[in-house]
């Protein structure tokens, strides 16, 4: 790794306390994301993916450890970070038109009016929605609403883009389109992307790295580098033998995670993970023992 | 706006439809009649009359209705909801002026000479500011009265005029007797037109009566309340009206000479009143004669104020 | 077009009722129930020769002052309380107590500190109106989606923008419900407050007409009051349709 990490998740632990009940959702998550990387986080449902994302977004305090952005610990939502929420439909202001939804964060950033208009038009065009500026979000289909949420994030010109299972609720065709859209945006804008999903295919297809999470209380089970060609194509890429290998490897890890495995023996991931120099010193914490 | 409409119609209905209508025959063969009175100590006199069997002797069984304020009694009698009620000559003359056919049958209370020979007036303006000494000093001031366009403003305006002042320079505001002492103490008003037991209490606290503002200055020998009925009842059932007139006449003559009997019956009207207060209470003066002079005087004042079209219908009001 | 049609639909029943009133009262010689014709003849001389300015205007001013005060206090306090669960727990019993006091009962007390002038009447109106607005604003603030709060935080919306674009708009369906209830209360309280220590106003004038047995004039005042109520309700509906266009659309969609 030559680039300095833009995002450091440093031994983050999160315990939810409600009344006299406490749930240890995330036990010890530790990884770094370099500037311009596209990292996918995959884990079974309830693994703590959303919890992790909310900690990174500064929407929630960590119980211990810290999240650092360009070296400094965050407290509260940092500037220059955009989030596309899992509940995208609910994240759009229903009383604002599509245009105003995308524009509002820019207004708050004091972007001058003309630049604002340009950014909004461009972002909506990028996601393929240049005809619905004056519609209300609830007049659009689920997939279109998701694109508006992405357009809002894109127009914001963030350094880091966090996405929480953004395509979980859209149909397969739309999903493929949106996946390609994310790859295009990522390569064009040079933005750092942290993409959370429970879909193994999606994680492997999209990511440059895939972080596989264990069951809750969560640790990183393995940090899998994805050595597929940068130019991804829904048919060609998915047809590659390497794609199948990586997919099978991640699949195995997720199965172990579901069974409650909390640490992977050092040699088990060899076939997949040692073929690139991408592995970070902290990757996967394989030595950590399950409690 | 249904809610507003509904509330309004309730308000209107409340003012129009007062009382619960009597008029039946009771088991003992007596004629049931309803008489509407203001909820005040004076009402005890009717109970004394019942005790003395004045009503029974006339074949009557009166039930007393004090649920409504004075304002509701006139419409209630006029519309036949109750047979008899008391009201001020001011309201009665104004009602007749508007064509409401009501007629007095007997006197009720007044400022006349009381049993012990002293002349007293039921209402007077009290002030806190020592510079307000007489009626004329009320110019440019605010005076609280219990109801606008009634006895209070009529007599105070006359008092100010009589003292050489301009009555139009006095501002009148309406509030309940019970709210007046507070408003005076807080300085929201400069004078309050009040009655017993407030007068005694407030004078003890250092307030003073404004000279020339009692009724007796504007209308000597003021008749404060009369008992009246509707012309329709007089036409339809003259015997009933005659019987009621006789019973009330006997009652008034009796209570005038027996104030202690009235005092003994006050707890019937005000069950919760402190007996010590009952003992000290300054009783109203009951009148035994319907006198024409105070009514004519009131009529002239009403004409002067243009509250009615002249001439005041005194003849129509008297039996 | 739809608006015009709904107006037409809404006027059918009132027109029928007025017609029924007109014809049934035509030959009435009941003193307190004069013919509608006589009442309407009284309207111009009673109201259009000075009383619009002398009595109706003061009433409308008191109404708008009291109502606006209630809106300002009710919305801001309601939203603040709605956002904070502990605050809500502290305040709710107090509100339940205060809101159950009929404002007319408070008039003498309010009179002691607010005097007997317009400020007393405005306080009475505001006190009566504030509860539906406040309690609905609390509900409105609570009803706002968590995800929208998170969105506002992530995209760096400041307090002013969050109030204007998130809280106010998000709670607006509830606020409007409260404001509509408050409007009818306001009209009633204008009339009631003008029965205490007043020397002008619509309520005051109606009571004076009643006292002096000017019955057709009294009825004309009641009709005028009703007409004002209808106009205010119409204005309210227009504002509501604008402010909540998104909400009605969203609901139709669901």
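Some observations on this one:
Labels A, B and C are assigned to the chains in the order they are written; within every chain, residues are numbered from 1.
The rule we apply is simple: a residue touches a chain if its C-beta (ideal position, glycine included) is under 8 Å from a C-beta of that chain, and two chains touch if they have at least 3 such contacts.
A quick note: this is a predicted structure, and the numbers were derived from the prediction, not measured.
Arrangement of the chains shown, judged by which pairs touch: a linear chain-to-chain path with two open ends.
Farthest chain from chain B (centres taken as the mean of C-alpha atoms): A. Looking at contacts between chains, the pair that accounts for the most C-beta pairs is B-C.
The most centrally placed chain, judged by C-alpha centroids, is C. Rounded to whole angstrom, the centroid-to-centroid distance between chain A and chain C, based on C-alpha atoms, equals 50 Å. One simple way to say how far apart two chains are is to compare their mean CA positions; for chain A and chain B this gives 85 Å.
The distance from the centre of chain B to the centre of chain C, with each centre set as the mean of the Cα atoms, comes to 37 Å. In chain A, no residue touches two or more other chains.
For chain B in complex with chain C, the touching residues are 1, 3-5, 7-8, 11-12, 15-16, 71, 74-75, 78-79, 91, 94-95, 97-100, 144, 147-150, 171-176, 178-179, 182-183, 186, 188-189, 307. Chain A contributes residues 54, 57-59, 76-77, 79, 81-83, 85, 87, 90-91, 93-96, 104-105, 107-109, 136, 138-139, 152, 156 to its touches with chain C in the complex.
Interface residues of chain C facing chain A in the complex, by the touch rule stated above, are 145, 147-148, 150-151, 153-158, 161, 165-166, 169-170, 172, 246-247, 249-250, 253.
Residue ranges on chain C touching chain B, taken from their complex, read 30-32, 108, 111-112, 115-116, 184, 187-188, 191, 195-199, 208, 210-215, 222, 225-226, 229-230, 232-233.
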